[in-house]
Every structure is written in C-alpha cells, then in structure tokens.
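Structure first, commentary second.
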Amino acid sequence: MTPNDNRSSIEKEYASLREEAKLRLKRLRETGQPNIYIGMATCGRAAGAIETKEAFEESLFKRDIQARIIPVGCMGHCYAEPLVLIEQSGFPTICYHQVTPGKARILVQNFLEGGDPCLEYVLGAMQPNDMLPCVTDFPRFGMEKRVVMEHCGLIDPDDICQYIARGGYAALVKALKMQPEEIIAQIKTSGLRGRGGAGFPTWKKWTIAREANSDRKIVICNADEGDPGAYMDRTILESNPHQVLEGLAICALAVGAEQGIFYIRAEYPLAVEKINNAIKAAREKHLLGPNILGSGFSLEISLFQGSGAFVCGEETALIKSIQGERGMPQVRPPFPALKGVWEFPTVINNVKTLASIPPIIRKGANWYAKIGTEKSSGTAIFSVVGDVVHPGLVEIPMGTTLRELIYDVCGGIPGRKKFKAVQIGGPSGGCLSEQFLDWPIDFDSLSEAGAMMGSGGMVVMNDESCMVEVARYFLDFTQKESCGKCTFCRIGTKHLLDILEAITKGEGTERDLELLQILSEDVKAGSLCGLGKTAPNPVLTTLRFFREEYEAHVFEKRCPAVMCRSLIAYYIDLDKCARGCDACMGSCPVDAIFTTKDRKKSIDQSKCVKCGECVSACPPEYDAVRKVSPPDRIPPEIVPQMEG
Amino acid sequence: MEVCRALEQGDKEEERILSDISSSLKLFERKRSNLIPLLQMIQKRHGYIPPMGMVLLAQHLDLSPSHVYGVATFYNQFRFNPPGKHPIKVCLGTACHVKGGEIILENFERKLGIKAGETTRDREFSLDRVACVGCCALAPVAIVNDKVEGHMTPSKVEGIILSLEIEKEKKKREADKDDTE
Amino acid sequence: MDKNANIVNLIVDGKEIKASEGANLLRVCLDNEIYVPNLCYLKEMEHPPASCRLCFVAIEGYPQPVTSCTEVVREGMVVMTDTPEVRRLQKSAFELLLSVRRISFCKTCIANKRCGLQKIARFLGVKLRVAHLNRIDVDREVDHTHPYLDYDPDKCVLCERCIFVCGNINKTPMLSLAHRGLNTSVTFFESAAILENSCKGCGACVEICPVGALTLKSHNKVTG
C-alpha cells in the first residue's frame, strides 16, 4: 500500500484529531476561568519559575479563586524570566515579566480578584487592543520573525492537543499525501540549508539518502547542542517538541526511513523528558508508530542520550557513539547519507532544520523562500548573550544586520559602555569587530568575514572584554574537547592554548605572535574533522581584527581591557574611600583588605586574588576601588600603611 | 582499626553496587549499541562507574573490558570515583566565563579545600566544572544539588556552603535527639 | 596490482604509474618506491584512521594538500609529493608529534635506529629536538600491568596499529584507546590474571609499533 492510496482516510483521521483538540481547548476557555501560563523551561526554572508557580497556587487557594495554571516552554526572553501570561476575560492576554513569588501574590490579589491588571509589572499585551501597548510594538518582539519558535512559550509542550489545535501535524498529513520526491522538491524550492552550522542544502542530503539502495534507512535529530553559549535547541525541544518530531517524521517519509533517533545531550534532562512525553503522546494519536494515520507509513522513534563529548555533534562521531564506540570522527567519504549508523543510509539533521520543515510544507516552499536572503532563506535563531540589554533567543529573518540585531532587537549595550566585538558561532566561529556591524547575517557573509553561523551562539562584548582572553577561552574549550585522534587537533590546539595563556599572563614574545599565526593556519589546513579545522578561527579572527590588543599584552605587558588577571591590579582611591565604611573588607574572600592609619582601606597586593568583589561591594556613592593594567600603574602615593 | 572498618565498609558498599549492576544488566538486551545507555544507567544509579562494573558490562555485551574502559573514559558524563553527597558543578560556558565563572570555581575550591573533579574527604561535597548548562542569561551559574543557582558571587558561594553545613548540623542534632529519646 | 581491476594511469612526481582503479593512493606511491611519510597506515586497513596527518600530497585540481591514505587513484590523476605546502604541513604535524616526547628516550629505546620517527626526521630534514615549540609535558607513567607487555604512553604516537593487528588476530582487540584529547593512550585495562588467560603474548602489537612504545617484558628484563 503506498501512502497515496488512502488520502481520504488520512484526512478523516486527522480531522477528528483536530476537532477533538479544538474542542478540548474551547472547553477550557468556556469555563470563564483565567488561564495563567508560566514559562517553565530550564531557564525559567533557573530564574525561579517553580517558586513563582507555587506562589500562584498558594495564593489562588487562599483566596479561593478558580484559575488554571498551564506550564509552558520558553519564549526566549531570558532577560524577563520568570515570564507569565495571564488570560482573563475582559482583558487581552497580558505578558508579565520578572514575576517573583511576591509579584505573583499581588497579581492574584489585585488582578484576578480586584480587576486591576497591575500595569507596573506588564511587559505588554499579546494582541493589539485599546487598553495596553502590545508586545509587538517593542522591537524585541516586533522585529523578530517566528517560524521555528512560533509556538514556543505559548503552548504546553506536554499537551499534544495544544499543538494540534494550532495546526500541528497538518504538515505531516499533507506530506503523507505527497510523493517523497515531491516533498524533497518542496524543500529544494524553499532553499532550506542545514541549521547545524555549515549550511549544507537540506534537500541534497535527503536526496542522497532517498536514492541510496538499502532496505533500512535511519533519520536522526541531532540535538547534541554543545557550543558554550548556545541553547536554542534545548529551548525548542523543551517548548515545542512536537514541531521537531513532526519535522523528523516528514524527513523519514521523504527519504524512506522507518527508524528515527533523537540524539540529545544527557545534560538536558528536561528536554529528554519532554521528547519522551511527546513521542508517547504522538504514538497514542497514531501520529507515530506503525501505520501512521492509516497511511501505511510506519516510523519508530527512540531516544539516545549523548554523554558529554562536544565532538559528537560531528556526524561521523555521533554515529560512532550510537554504535557504542568512542566518538571519534571518521574520514568522509563514505558520507553518512550513504553509509551511516550500522552502515545504513542515515540522514542527520539539526533541531532547527527539522523544526523548519513543518511550516515549509504547511505554508508552502515559496512562502519560506521569500523570508531571508536569496542564498540563505528563512530565519536564523541566535542565543544572544553577554553585554546586551535584552539577552535571550531571537529568531530573525536571514539578512538582518548585526547592528539591527544587537542594537534594535536586543536593546544595545547596557551601562553606556562601548561595543567592542561580537563572537559568532561558538568555538568554531570568530570574533567580529565594529566594522562588521552593518554586514547582513547569513551563511555566506559570516564565513566571508571569518566567522561562521555555527549553531548560533552569539556573545556580545563591551570594551571591558579582552580579545586575547576570549581567544584563550575558546581554545581552552576546543583543546579539552578534542577527541585526541589526529595530531593537529590533539597537540596543535594545546600549543595554541599554551601560547595564548602565556600572552594573557604577560609572558608572550614577538615570536609567539608569529607562531600563533602559522600554527593556526596549519591546524586549520591539516586537521581531520570540522572541530579541528575550525578550532583556530577564534585565534585567527582576533589576530586579524584586534592585533593591537595582542601587541599590548606582548610588548607593554598591559591588558587594554583591564581583564587579564596577571596584568591588572586593584587599589583603593584614598581620596574617595570613606572612613569607617567596611563594605569592601567584608566582601574580600581572602582578607587582603586592611584598614590604614587614617582609618581608610587599602589592598595588600600580595594577598589579592583579583576577584573584583570589592568593586561591587564599594557603595556607589564612594566608588573608590580602581583597576589598572599593568599593575605598576598604581599611583606611588597609594603605598599603604597598616593601622598603627 | 578505624581505617580497617572504613575499608571493610567500602568493600561492602562496592559489593552491593556490583551485585546491583549485575542484576540490572540482565534487563538489557546484549547488543553493542546498549553500551553507552548501560554506562549511563550505572552512572545514574550509583553516581560513578566502578572498574569491576565495567568488566561485568564487558562480559554482558561480549566486548573486551579495554573497549568498555576506552569508551567510558572518552565521555565527560562518567565518573570513576564516588561522588559527594552534595555535588557542585560550576558552569564555565562562554557567558559564565565572561561574567567570572572561574572566580566562582576558585571560591568553591578554596572554601572546600579541593580542586575541580575531586570529592571532599568526608564525601560531603564534590566539585566539577561543566560546559554550558544553557542558562547564560543568569551567568555566572553553579549547580548545587541539581538546582541551578544563577548570578553567583563569591559571597553567595560562602552562603551556599554555609547553609548546607547548617542543614547537616541540624539533621545531626535531630538524629542525636531521636537517639536520646 | 589486482589482475581483475581496471588499470588507470596516473602521474606522481612526474613519473607515469599504472595502478588498479580504486587502489589506495598512499599504497600506490609506496609500491612504486615514492616515499610519503606515514605512521598510522597499514596496507591491510580498509579504512585507515588517517590520524597521523603526515601523508599529505598535492593533487591537481584540489585547493589544498590532502592525506594520500584517504584518496583512491583515478585515471589521469596528477600527484605531487614534494610541494612547499605539502612539506609545510608534514613538518608541522611531525614537529607536533615530537613536541610531546622526550628526546633523551632515544638512546635507551628499543626502537633506536629503526624508529619510524627517526626515519621521517631524516627524510624531512627535521631535527628531533624541536627548537621553536615548547615541550608539552603530559607525563604519564609506563603501564606495567600487563603480564607480557610494557606500554609507555609518552613514546606512543597513537597510530592505532597495535589495536588493528590485535583485532585481526583475536576477534576483539585486547587493546583499546582510552581517555580523550591530549590524555589519549592505549589501554589494556584488565587484571594481569585475566590477561594471562586471554593474551597469548604473540607480540604482534610489539612488532608493529613504529616507535617502541609497546615492548615485551622479557626483553626489558634482559636489557635491564
């Protein structure tokens, strides 16, 4: 039986699922009870969402108010966590930010009981209305284009009905009525490129596997997100796992696979739980498992937990680890799409790639192709962290400039500091300077600039960040994560790291700068896999765009950003220090601060570990702690004397 | 004498763990692709993987023990010494690093008198560095007893350890009270 | 040459060579007395690990040098084994390998005079003491746990040849790589008692080791 023979039965079965889901949600709304949606993904929980939820429950109980609390995923607005949406009749849906337990109690009392929507806590309304400003009026919401994260933070990930009621699995139904070649043609027209980093055209991968001659094929969702600073895959899986599942099912259908594997980091327990629940729920609704919706197409999906090796994000290493081996990358060819897990043709796609599939099939390839740029269609998701006002996950159309993303969407650099660099693409990416701010964000522009889309980590840095230290940090990461197989990556990255460490300590020489450049080029050209080939990128880009910083470290033993701990010193400005204030002394973890003769404070440089805690402890009205580089810049008159 | 008793207890403890491992292995199919899931199972149940556990695993899957050891030592997830009662993990992801994750780690090291990857002598605390846990907006982050603590500061480090120690004291006092009653 | 395979013509360093279609390029070079430095390749390997990163060659039409052990010969292929780019990568990889070793090893080493590293050093004109790289001290102890063998991780170049030959003789190799990154080493991981039963002490792994990292205990005792 081919999938096409029973179009009507598929339609019928799905229609009844959809009706059921809609009816359930309608009933929920009809009761007239308010709905409280709380963002309960990992980041929300870390910000205290569990305590907030408890406060709501307790307060509702105490005041005997009937309301439903619905745990949802994450909208990506990390700066505003814990985030709460309240649906109350007579009001638009209102989004509240930083809802602490205290605010939760006040919201119950004043809004749910008293009818006052507590404007002071409001971030915005979710729909346009004549009462409150709408969130889309803010650039952080308005400039985004949500395709992959459309439903994230708005639906309960554990309730499949909420996804179905919003049109979920309609794309799978549509695909079940298409020929596999038609599905692949749609993906080709859409211009979708793999979101795992390299940007390989998705349709090509699928075609290779489709045409491979094998009675068994495997599709894998790669959720081994290991880039430090990137967490969009986790958020998507925790917030809307069904969209990814649906994408994986369509992929399996297109390439002719009946086995799917979710490869998720074991460090993401909540995502593992959500995916497990989603697989179970989809099976119950016949959207997975044998004979999906009576179409004749079957798909079994299992879950494999990655054990904490960054290199396993690389396809051949990922395959090795599924097979119960050391996750060491292999030489290609053979490509996984021809010979993958257990030698069967295997398609491995990233979470974001798969989550893009259902909207493409549902809304049409041309609709998707129109988003973004000609060669990089669709949206890009970045986790923007570091020195920006509104950090978090942003989904923007490809082609948006870095300036728009950093300054408009994310609110710019806080504290009147100056922008210095943006690190894009994690350990394989590069550091871009101000001159690139007006470059469009797409696969090709970023690689041309020496960075990489990578998996979408973006760290914005102000002028207090040292670029040598940033390069050292990333090399430290790749060196520790090197699998140890090939010479360049195993030993070369260690030499690069040692040199960078020496430079941050003020022990670097001119010769080191030269060696750094040559060795970086060799490691890039000579390594076996993508990890090694891209590992020197942070060094090469910082050497290129911030060379003067390297030179300051080497020739002047000075860290221009006053960050490298071996090259700085703290001292207390005696003119500003207030007599009798002990704030800094209490904060010092090593008792390096003592009271001077005239009852002011001073730092014993031999004890100081340069943690900077005294800077934050010193009351802002005094602001007496100074930081200098090199350490011998401490004014000579500050040579302190102990209290008599 | 005390050392002997401790050793005896240690042996008993390990014996218990090994018999638990061999009985739980029986529930898993003998196929090679189960190697990592089985290592994860042992790690989860016991907090570490004893050397003899790897030999048992090798026998179950018909692999050489050196292969099992080779795979287990490749992945960060597996520990080979028993963890502390209160595992502390300090995130050193990009954002945490920029916001001073190293300093937080150093403070834990100083306070506990151990280095990252070690367990305190009384097995109360173990300290580890972890790559990004994905809570970058809360940087720097530490995970204490599986709870994420955001916006860490050196004084917060002190507070956390102090509160755990106070809790222990309290429990001990309650236990003592129960004993006397 | 495989009699049944199609014969292809290729040019290596200006020399016209005939080879079976699909044959391994490194092997073809070596068979035709064109030496390309290598440590991890064995002609019995179907999928060479390509881990030592020494056997680089330049192939016409390729943007940069590639490892010859991962290429197969094609009709009309033009290969150069001695371009400046090739030599730069070879020397770089080789010096990296040397930078984690102690040169003082050589005099007392069982592999002295027939060591793979000494041979490559002569060929590339590289000194065994690398002046421009600091020595990386991983500093691990010699593993004496095996009943017949000793393993010195500081000499090992992680070519995996020992694991390959052991796997060829015994169904599952008794040796394996352990740990990761710079700490990667070969492991026996078993008590001597068990190994005494499973390992027959055939010495194939010792024989194949290019650098004297694996040695027979009996030999070590004799030479003290």
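Each chain gets a letter, A, B and C, in the order it is written, and its residues are counted from 1.
We take it that a contact is a pair of C-beta atoms (placed from the backbone, for glycine too) under 8 Å apart; a residue touches a chain by one contact, two chains touch by 3 or more.
Treat the numbers as computed from the prediction; the structure is a model and nothing was measured.
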| task | Farthest from chain B by Cα centre, which chain is it? Let me know. | result | C
| Chain pair with the higher count of C-beta pairs in contact (A-C, A-B) | A-B
| task | Can you check how far apart chain B and chain C are, centre to centre, with Cα atoms defining each centre and the answer in Å? | result | 38
| note | Whole-angstrom distance, CA centroid of chain A to CA centroid of chain B, is 26
| note | chain A to chain C, mean C-alpha position gap in Å, rounds to 40
| field | Where chain B touches two or more other chains, by residue | value | 70, 74
| query | Among the residues of chain C, which are close enough to touch at least two other chains? | reply | 177, 179-180
| task | Find every residue in chain A that makes contact with two or more other chains and list them. | result | 309, 326, 481, 483
| request: Could you please specify the touching residues of chain B with respect to chain C in the complex? | output: 54-55, 62-70, 73-74
| In the complex, chain A residues that touch chain B | 42-43, 45-47, 78-79, 81, 225-231, 234-235, 266-268, 304-305, 307-310, 321-328, 383, 385-386, 391-392, 423, 426, 457, 459, 461, 465, 473-474, 477, 481, 483, 587, 589-590, 609, 611-613, 616
| said: So in the complex, the part of chain C that touches chain B is made up of which residues? | reply: 172-180, 187-190, 194, 198
| query | Can you list the chain C residues touching chain A in their complex? | reply | 47-54, 56, 64-65, 70, 88-89, 92-93, 96-97, 99-100, 132-134, 136, 158, 177, 179-184
| Touching chain C in the complex: which residues of chain A? | 309, 326, 330-331, 479-488, 490-492, 494-495, 498, 511, 515, 518-519, 522, 525-528
